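First the structure, which I've put down as structure tokens, then a few questions once you've had a look.
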Amino acid sequence: SSESETSNGKGTDGNSLKIGVVLMSLNSEYWKLNMAGAKKAAEDLGVDIEILGPSEETLYEEQVKMVEDLVSSKINGLVVAASLPEAMSPALQNAHSANIPVVLVDANVNEFDERVTFIGTENYNAAFKGGEFISDQLDNGDKVLIVRGQMGAKVHDERTKGFQDALKDKKIKFTVQDAQSDRVKAVNIVENVLTAEPDIKAVFATSDEMALGSFKGLENKGGTKIPLIGFDGTPDGLQAVTEGKMVANIAQDPYQMGYLGVESAYKAIKGEVVKKRIDSGSEIYTKENVDERIKMINEYLNK
Amino acid sequence: MLLELKNVSKAFSGVQVLDDINIGIKKGEVHVLLGENGAGKSTIIKIITGAYKMDSGEIKWKDRHLQVNKPSDAIEVGIGTIYQELNLIPHLSIMENIFLGHEKKKRRKFSLLDRPAMNKEAKRLMERLGQNVNPNELVKNLGVGQQQLVEIAKALSLNCELIIMDEPTSSLSEREAEQLLQTIERLKQQGMTIIYISHRLEEIKRISDRITVLRDGKKIRTVDTDKTTIDEMISLMVGRSLENKFPKVEFEKGKEVLSVKNLKITPDSPGINFSAYQGEILGIAGLVGAGRTELARAIFGADPVHSGEIIVLGKKHRIRNPLDAIKAGLAFITENRKEEGLFLDQPLVFNKTIARLNKVKKNGLINTQKQKEIANNYVKDLSVRPNNIHLFARYLSGGNQQKVVIAKWLFTDAQVFIFDEPTRGIDVGAKVEVYRLMNQLVENGAGVIVISSELPEILGISDRILVMNEGQITADLDRSEANQEVIMKAATGG
Amino acid sequence: MKQTEVVPQQEDIVMKKNRTKIDFKYIANKFGALFGLILLSIVLAIMSPSFLKVDNLMNIARQSSINALLSIGMLLPILTAGIDLSVGSILAISIVITGVVTVIWGMPPIIGIFVCLLIGAMAGLLNGLLLTKLKLPHPFISTLGTMNVYRGLALIITGASPIFGFSYLINFAGQANVGAIPISFILVIFVCVIFHIFLTRTATGRYIYAIGGNKEAARLSGIPVDRVLIIVYTLSGLMAALGGLVLIGRTNAASPIAGLTYELDAIAAVIIGGASFFGGIGTVWGTLIGAMIIAVLRNGLNLLGTSTDIQTVVIGIVIILAVYVDVLRRRSKN
Amino acid sequence: MKQTEVVPQQEDIVMKKNRTKIDFKYIANKFGALFGLILLSIVLAIMSPSFLKVDNLMNIARQSSINALLSIGMLLPILTAGIDLSVGSILAISIVITGVVTVIWGMPPIIGIFVCLLIGAMAGLLNGLLLTKLKLPHPFISTLGTMNVYRGLALIITGASPIFGFSYLINFAGQANVGAIPISFILVIFVCVIFHIFLTRTATGRYIYAIGGNKEAARLSGIPVDRVLIIVYTLSGLMAALGGLVLIGRTNAASPIAGLTYELDAIAAVIIGGASFFGGIGTVWGTLIGAMIIAVLRNGLNLLGTSTDIQTVVIGIVIILAVYVDVLRRRSKN
């Protein structure tokens, strides 16, 4: 541990600093935006950065290994987005005892009090906003289809729950189907559910990948009039809002999350004070406000 | 010369299997390769057909250098082969098997298959071999004998100039073998050249023109058949003369070791009754498909039976599976050693002890040292070649594989041994060793039952002979009253 | 066998009996999986009024088509006693490259379609070459390897983001209908006919069965085993790419994570369709029915609003049952 | 064979020559995968200074252990020419039930551990019974079925949410260390020794090889094939549950989606470790080394900061290479 202390000391000349980032996966637009933010922050701050993430969000143990591996290679700070937060806490504890400051993004790990900060929007709250948004367009007892990601994956649980809870008063009859974040499965599910229940009044998909699939399903069933809400605010998802395919897209700000994550870790290394909780914000994008957001994202991604 | 091998050598993992072999095959002759198990006969064949690559040497075809890199090369120049192991595709039809690799097509190379033409031709070929079958029948539904004939039809369909047959009669009954020999004689008259391998010396004498004898991978001599005798063939082959091909020893007939009572395989099959005694070898004769294997499998619990009683040494046993049978004291040496007897990718020591691992246990664990000792002893006793207990069974010649299967069963300390075609594909010397083994078993008080399609063998070694036909025992003959005619009559139901 | 051409002869009687028996078996064999499909459909029709609606049947036709195409491709390796685990990844790499070529580089759609199929075939060809030239012992491991390689490449090529905005022509196969009937299903039927003829009426087709039945015997019969295997894996890759083309049309996007775990569905369809895992046995029509059974099941469970975890359990049970029914049928035949 | 015990006899010469060679082969066979592991380690040590740190080696030991346990379990079905696709799901169902029993019902941890292993064994037993009693043709399909069934049940039982808050004793195997060495790795070594003895020195162990080599010959040799297969799948399930126990300790959580795709890593480890996909060939030590190779590779690529896409490609290539090296080695022996 004396070793990490010296490297902490050396940290004053920003060049030799290295920050490790472990995300839930690197294979989606959402996480790519997060990565872009993190990279930008590293560039601005002049630190080295190493970003890892398993090939699928379900592989939570793989994430634990990545944290362990980063801890044993020479990093000065750590930014983690844990897919199964509780599972991550032993590894984070490890990092902490190796004197590595840990910043949590996107998902909080409640058991890990030693975190520098948690940066994120609660998925539950964001989805709740989505529910509120559509609430006006629904009558009591209407049917709503939720196309969700892998059962047991925490983000999708929270999004599903948040959306449902927002509509609690309306006694909505929910049909929840798991499309495992797969676009084709979402198409199939929407086609099938609409065949059995043509009176579906709204569709909510817990990720843009599935929302885009859901739109195809609606299209195939002639149901493009049915309001569709996506989640993530990925470029394609936002594009679908401008084209009127989705009425709304619930977006967190992954870019901001990534940026703030690295920045906070940097501050912690330097011994600066960081707020214990940072809200990276979430927003519902509709036709009215989406264009601005698209422009911004394109800037983020250097398009 | 049609085909010439010049200075052909081949080694497997450092062991010289063929050593500077020179053989010339004349057009129109039946040329026999003769030698003990493991002498290298099949290896020569596989080199000619491109299944193996030789280490050095040359093959000449019609006095020109012939390069065979793969089996289709040999097929293309006109060499058709029936390998020692059957090489048919079980789920394809007779017709498809016959034309496999050289299908008739409607037009060009890439057009659809001409099934009607192939069907007609397949039917004709099988009829030529005395078989009236539906060419669309799947090969898996045929008996071993018929499968062998499909192989021959396949070779004939190639319109080749040379047909190689590696022990084609070893899985055939007397009658089928006779049919095949007649076919060979007919082919010879038509000018076909044939390389023929067999351990049956009588048939060699009958059909061949010249014989090349091999021993331990070396060519000993090529002789003209009409200038040699069976005894000379044997002595060339084994390097010494063999006084007695059937070393029969007479023992006192003892108590009943096995009694089968009213055994029915299906509800409406006739009940089978017979007994075997200590002090005798009980032979079971019959034509292919007579139901001998079926009976043996039923007794051994390998196939389900409908009803019946099996009594071993006076004690009634309920046998539902082979394990029950082994516990009751039975051993069954099956007719298909590769499919049902051997663990090809395991060493001899494994094959030897697997059926009775309890015998090599110490403190509850297998004692590998003891296992090796035992295996070494048996390898010596049965003169398995090469005498290496760590060699995988796959790399043994057919005859030596058979010895390994027998060794496995000797190790189980069974009381009753049922041998199904035990000498199929093994050489005269080894046969005598197997017969001696049987004698020894009888001497030790075990019951020995031998199923064989070779009449001379049955007649030579049995004390008593049962004859089967269509699933029933049609005769129970004492050694003194048995001869070929009587048996054939009972076997054909005449 | 109604049109006997010749006057029956005495000895033909046994033969004819056998022949009838075989044909019966043949039909029964097909009927087996079909029977399962019909049974399943009846149950679902009773449980859900929507099931038999034309509309829904077209759903099924549409939804089964991607898996059907992959399954027909998968049938070939399985017939040779092999397997192709990389089909899902081949699908992904084929479609993302199509996306790059048409959407990003702006090449004409017809070239995109050609490239898609070409990439699929090349990826399959590589599987075949690895298997035969490196003499790998079993395609399970080589295709497990390429499954990772192709997936990784698809991710690298796209930087992990899906490509969208395909032109009508590329979407055509997966999106358009003729009347109520989806083009994709017509494509499936067409492919089935072609593959049926290929497998039953051409030499190469029969060699595939021969290799699965007994590889050594096939080799000794002069069959170019390696060449046939290479063709088999190339075709399997080609079919995966064709499935990918339908997928583009269905989703209007080419995602590098498309096709994850599709190999399992394809294998399940082939086996439910009566093919043997040990090679040598299996038909195109059985495979199609296998794919239909899976699609009908998923569709029915969606219609009934079954929760996804229960769906998972039910699908597991049906896979086992389907194979068990096949076992029973075969047993009753012997 | 340096310590020849007896004076060599004439006839022994050929044999001895062979014996030396075979023993060499035997060593080389083990050495094969080990050689790959060493080579890989050298490369990684050169590329990353952190690789050889004790700390990191302990990471590897810890990280390899779950896959190692599952792989040793998987070795058994593969030795019998079978496969067990359900291990990931068995792991999941075992740990969530442990969670229910200890965390929710509050039973003592020791009962939790017992229940975990019992559920794993029972799930494996069911696989074995399905295979043997229903006489299914190949375990690929039955375990594909139960893979779905067990996963679905794990989701239903937990309502799809993970369970946390396990007591120290349950976490012990996956979390604690003796000095620097993780208990989980000690457990792996212990299990390897037990399984090595089981496979090489007990009758049932030898029967497993016999069944993989030739099932019919095994049956006719009086081997109780069905019973041995049931034991095989039960043990495979048991090892999956043991792996699950380590996973609980590592993550302090029991999630119903734990173990997704673990079966592929386990199969890869067994095959990289030199086992034959056709049964009858393979060792515990080879399998362990196979699991280590995968763990070292993942660890090293993480240390080097390689992106996941490239990791995926590299792992794919290594799987193929590992098997190819094995092929070359075997070929050079003949």
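Here are some notes:
Note that the chains are named A, B, C and D in the order they appear, and that numbering of residues resets to 1 at the start of each chain.
Heads up, the rule we're going with is that contacts are C-beta pairs under 8 Å (C-beta built on N, C-alpha and C of every residue); 3 or more make two chains touch, one makes a residue touch a chain.
The structure presented is a predicted model; accordingly, all values stated were derived computationally and were not measured.
When chain pairs are compared by contacting C-beta pairs, C-D ranks highest.
Centroids of chain C and chain D (each the mean of its C-alpha atoms) stand 31 Å apart. Inter-chain centre distance (chain B to chain C, centres taken as mean C-alpha positions): 42 Å.
The distance from the centre of chain A to the centre of chain B, with each centre set as the mean of the Cα atoms, comes to 70 Å. Centroid to centroid, with C-alpha atoms defining each point, chain B and chain D lie 42 Å apart. In chain B, no residue touches at least two other chains.
Touching of two or more other chains is recorded for residues 155, 160, 276, 308-309, 312 of chain D. Residues of chain A in contact with two or more other chains: 26-27, 55-56, 151.
Taken together, the touching pairs give a contact graph of some other shape, not a line, ring, star or complete one. Those residues of chain B that touch chain D in the shared complex are 12-15, 300, 302, 321-323, 325-327, 332, 334, 339-346, 350, 354-355, 357-358, 361, 364-366, 368, 386-388, 390-391, 408, 412. On the side of chain B, the complex with chain C involves touching residues 49, 51, 70-72, 75-76, 81, 83, 86-92, 96, 100-103, 105, 110, 112-113, 115, 132-134, 136-138, 154.
Contacts from chain C toward chain A in the complex involve residues 48, 50, 53, 55-56, 59, 62-63, 66, 151, 155, 159-162, 164, 247, 250-253, 255-258, 260, 298-299, 302-305, 307-309, 311. If you check the complex, the residues on chain A that touch chain C are 26-29, 32, 55-56, 151, 175-178, 182-184, 187-189, 191-193, 195-197, 209, 212-213, 216, 220, 235-236. By the touch criterion stated above, chain D contacts chain C in their complex at residues 130, 134-138, 140-142, 144-153, 155-156, 160, 264, 267-268, 271, 276-278, 308-320, 323-324, 327, 331.
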